[in-house]
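Both of the next two complexes hold chain A, though its partner changes from chain B to chain C.
After this line comes the complex of A and B, so read on.
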């Protein structure tokens, strides 16, 4: 058998094809990518250096922490990356969970300090549960009465949460009558369950209310999750029982540790419980157990580093971005300046944006994709609308600020610079983006799903509710969260609606005048004292970026999670 | 997968319930406020030293007065932790026109007296402005550090540079011995009281302020512009020069050709020898003064305006007589 000559080269070997242009193009593209990335990286490093000032520390301090924290963690990371990938994921999650948990704890702590008292939260939650219970009970008892249920859905929250009629309605009627010159007014109303709870002469202590409305529900959810995973009712109950025990223990231990009972309960709920469930799962599965070493090494490193630097007397850095910066208000002395009220303002603005933009945007997207006519004259009209939504997404943010100023402040007479106005103006700004991304998500649901659903006799409403929306939800959420990331950094609309340059009290309600993080950063940029422009400004930027990164990370996690199971 | 049916259910539930809870939560919070306004039984967030005084004071107006008002707000809120004093810099004119006269702010800082047109606009909205002179400023003309040719400048030369009709583009157009270098002008925007003051007192009534300059509401931008251009020139309040005295060079000014060159300083502004010394004002709405928190804040402001605090920021504090006169006026209006 004749051995075949191995084929060398290819058919174009001898022709003179010039690869130079292709290579040059590739190199140009690489250069463009690298240029963008490197310049952004440099800028961020520059800002981070200003915010943290690592080089203001003693060399010995830096060396100690490099030896106790950075080197061991880097070695572990390399080990995971090269040899033990599941452990890497475990390490990632066990380090990330406490961070997210502590952020949530901080969020709820701010909620209870600034927005609601624990009693108000308790009353609101109980009333909502009762309202939900009424709706579900009606659904069970009279499953056929759809129209009646619509009434129940609207009425039960009115009765349990707002009272009958709502106070505002009374005021509106009275004001309207007064404007017409009539001596008429509604002065009496049936108070809601929520208000009734608030009026009780004896209420449980704060920690008991938190335990009932926050710790137990979250522990219950975790227990249910464990029960499903293990198919063991006992394990689920064990989770609930242990969480409650630890939480109650904290009622004694919390004040001793100096953090207070409420904070202890929040930490148990949001940080300890998820971490515990996850770690237990990892150990039980026995996969990637090595990953648990990562957070342990990190904590040990920090502790050892602290002891060594303390013993040797090395001074740490004096960063602009420290605990004081996050918890105090702005000041005219740079060292005392902080971002706390602006941070609360930004978070509350995001709440307004989510509550208004998400339903409106997703509703519009569903209509445009699923219901709107696509043929004939009306179809052309719908196309025109879609094109204009695309255009609206590109309208400069100042214009939305002007719109907010004209509409909400001048016409509706809402307080200028208030959170509700800021949230609605910025919400309008991202509304087109939300609509477009939701449309994309809905469009990406294969048509065969809809056809199959119709084929099984489902109505259009059932198809949308049970096939299209669940399938499109991860995409919708991802798009919305990314749009929110844009919203939190917008400055121009805030300037237009009169968000003030210096606000020292965190807002207590949505109609309070407030500052938001980008507005605060902007006003620091024009302070007299140069250390504002270099130090405090950088710290503010890093804080804003951190919030943004957390939001984007949430978007990515949601997308990955649903892609895996859905 | 065993959990897929429950998964679909939970998503649907999630969608409906998050929508419902969301709407309710927003509405609940809205009602919360109204209750706070209506009966004053606001149970949340009262962790400050509650001396009974609460509410909010909104200050807009001049960027020159902003540092003083901001410092006053900070000091005042140390004593009254529940009064939310917010300060914003919008320019004197911008503050009057857009916020104060429409009734959206309680106090307006101004680096010039209120104009007749503004009084008219205010009274059209039933806003009666009450004037308090709270400090003095030495408006500072600055050039680049390398501009060694100019140390002292006359009003007439300033007028040539900053009016629109003289046709001056280069330094040599003003004085022959000066270099043939373009003048890069940086100044406050026309909404600013500093602009109005300069326009009225230096540029004069016969000519108009030039439009061939970089207008901005941020004095910081003016300083940067002058620092980075050899032919740069600009004007702003003394406080900004005070904290940027290494970045730019202040020019001495003389009012008449035969007069004496005077450098800008607080002492010279106080004794009246500096020709560009000017008073700074705050205007309070008469109706706002009836509110206790605004009254208390203004009283505090007027008392503190006489102390060294104002000097530390870079302004001339008001005299003791000025303070007493102001307090008397306050009592008269509010009483």
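After this line comes the complex of A and C, so read on.
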């Protein structure tokens, strides 16, 4: 064994340790990451350039807006970053909230235009509330009757929303009524509360119904939240009162300004209310107040820029992605083409997915985590199932499309390319992802909470309902939203189940044949006219990405909001 | 029918067992001898010795193939503090979990033998462990309040038992008995997770006693706390023994000596070596192994 030279060792030039390999490895990893990121960014830049075509504008126009919007905002951003971090967050939230709020407003507006009348919405909601009330009342009156409660929980929504199918009893009632010369229009079945409300000869005006079923509940929830946060009942009531006042004011003043009352109520609910509560909180806390300048500067900049370019006669750009694109159907000419029906199709497909996949997936996850045995033969079987759920998550989407085609169209004979079929096929596709992420969330609830609950003499159901689910819910929601993001961009299953290549009219029933955003984008890609392939396609891709971005941002916000510390 | 027999037998049975055990040199038979001696004798705690509420007979517990408890015979008196001491891994927690059947939740665990609570074998087929646990509260080693408000934590047991009346009063009483009321009365809506470790543990005790159980099981309730919080918990336990039967696991011998009336010493391998009045165990134990353990020669 050679003795060490005294001068080689742990310091100076002659250090024994060789770092070269490690450094080289680090550099390679960095290069790989950078390459991946940069190529995706470049692609997105190209697509965005095609969609917005900023360079079709006059140089003067660009310079004006650079001076009024970009430079001041950049300066503010640098200021926040360097000197006032809390203000940076305030700026971020106050700019983001209205955007999300307006998107939600748009979503609900589409809902009311395409799917439901306000009256239908009102009737549906009232029926659901009555059903909930029945369930709660039963719980109060007969807390011990568990089996009965199960019946009530299932039957009340069915009766209030769907009514009862024909039975001998109904025949008797209807026949008896007919014999007396009365016709309730029952047609041998008991109509639901929902249908009864829609038959009422006098209904409140649309805005009153919206105020009752949308503005007030949301304001109430916000008020409750504020009350909890500040431990002040007065503040909570103030939120509800102010919101209602602003809403009613808008209803009165709206027509003068040319804003539809319905739209105004939606804006109040989804944009004005959250923004107001947040801004008030910021001012009260007095921290990061400077951040409020950001959105103000942005709006001012746009207004000033508009005035200046108008006065000097600079022409703006002619983007593919504009208001017309978002609100019109596709067309034979690229300039008129839009994505609206496909967007409605995508949203309705997501509704189908949420209503079916979410309960099934979360239910399966709860069973696997909380109930399924882990020992013995059954335990092995459960492990097998879990492994196969993992495998299913990796099955190519085309295969799910094939499954949808075989199951829903060939066997169940549902209309080819209809929204329900698309939703179910894509729902099956993301089901394993939903199950796995929900399992993950449930597993991350510390076992000590379960121990505490069981130790108190709680049943398994009580433990799951009161302890596990509330803790796991943020994680479940995050995972589900991310899975929905995957769902909204899936194309192959839509091709397999025959979703329409392009439609002119937005669907208004779940059994309508429709197109969805990715399907529509795919058909644009094979148009002969190059402006479809370059311009319209890019606009569609950016729209789809924007929707995805909003969904992912929501998931991240939920995750951060409820992240446990420690 | 069988249960009736058992119940009626229960009061008479300890005596014959004592006699058979007396003739055998097996130390695990000791507890019942000690108890009967104690009842007759003039030990300084003799006046307090209550009826046994919990009694185990030849209790064996297995985790898969390995045996964690070996033929435990033990009778825990009412409204006293019974301590279980012994080195880590000797089965103290396992025994505690047998009493309220928390072992049911561990798939690998298998219990053989009998454990009587108020004369009824809790491992009988007609016993609902959920109902049993409503009579036997439990406090764990690490404070584990729910991530809910302080109020909701204490009210949890009441709510799951559908006791919806006077919740406010019962919460207040429980917090007062747990010596926590003065510290939290103005912040009942605050999250329980914002409390300090010692406060959290007292909250867990309040949560356990809010439903007014008969027995409270505590598994090293102070081992994760600092000395001041520990002494508060110890004071509390002594007070609780006026109304509840308290069974406490600890590996801190001074703690057992300070607060308990009876002490059971478990040693490695899951056997109960000696069970007697605490004073006797610490001053003059029968078994050499117990003496070695208590004087710190091993363990």
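Throughout what follows, the second predicted complex is superposed on the first by the 523 of 566 C-alpha atoms of A that agree within 3 Å, B and C clash if a C-alpha of one lies under 4 Å from a C-alpha of the other, contacts with A are read in each partner's own complex, and residues count from 1 in each chain.
In this section, a contact is a pair of C-beta atoms (placed from the backbone, for glycine too) under 8 Å apart; a residue touches a chain by one contact, two chains touch by 3 or more.
On a predicted model such as this, the values are computed, not experimentally measured, just so you know.
In the superposition on chain A, contact of A:462 is made with chain C only, not with chain B. After overlaying the two complexes on the shared chain, residue contacts for A:228 are found with chain B and with chain C alike.
For chain A, the partner with contacts to more residues, out of chain B and chain C, is B. In the superposition on chain A, A:162 contacts chain B only, with no contact to chain C. In the superposition on chain A, A:449 contacts chain C only, with no contact to chain B. Of the two partner chains placed by the overlay, neither chain B nor chain C lies in contact with A:426. Within the superposed three-chain model, A:510 lies in touch with chain B and out of touch with chain C [touch as defined at top].
In the superposed model, A:530 makes contact with chain B only, not with chain C. Look at A:144: by the touch rule set out above, it reaches chain C but stays clear of chain B.
Touching of chain A by both chain B and chain C, each in its own complex, is seen for residues 228, 466, 470. On the side of chain A, the complex with chain C involves touching residues 143-144, 228, 231, 373-375, 379, 446, 448-459, 462, 466-467, 470-471, 564. Those residues of chain B that touch chain A in the shared complex are 1, 3-4, 6-8, 11-12, 14-15, 17, 19-36, 38, 42-45, 47-48, 56, 58, 60, 63, 66-67, 70-71, 73-74, 77, 81-82, 84-89, 99, 104, 218-221, 239-240, 242-244, 313-314. Residues of chain C that touch chain A in their complex: 100, 102, 105, 107-108, 130-135, 137-138, 140, 142, 144-147, 156-157, 159-162, 164, 189, 204, 207-208, 211.
Only residues 113-117, 119-120, 124, 128, 131-132, 153, 157, 161-162, 166-168, 171, 194, 198, 228, 331-332, 351-352, 354-356, 358-359, 409, 416-417, 420, 465-466, 469-470, 473, 498, 500-506, 508-513, 515, 523, 525-530, 533, 565-566 of chain A touch chain B when the two sit together in their complex.
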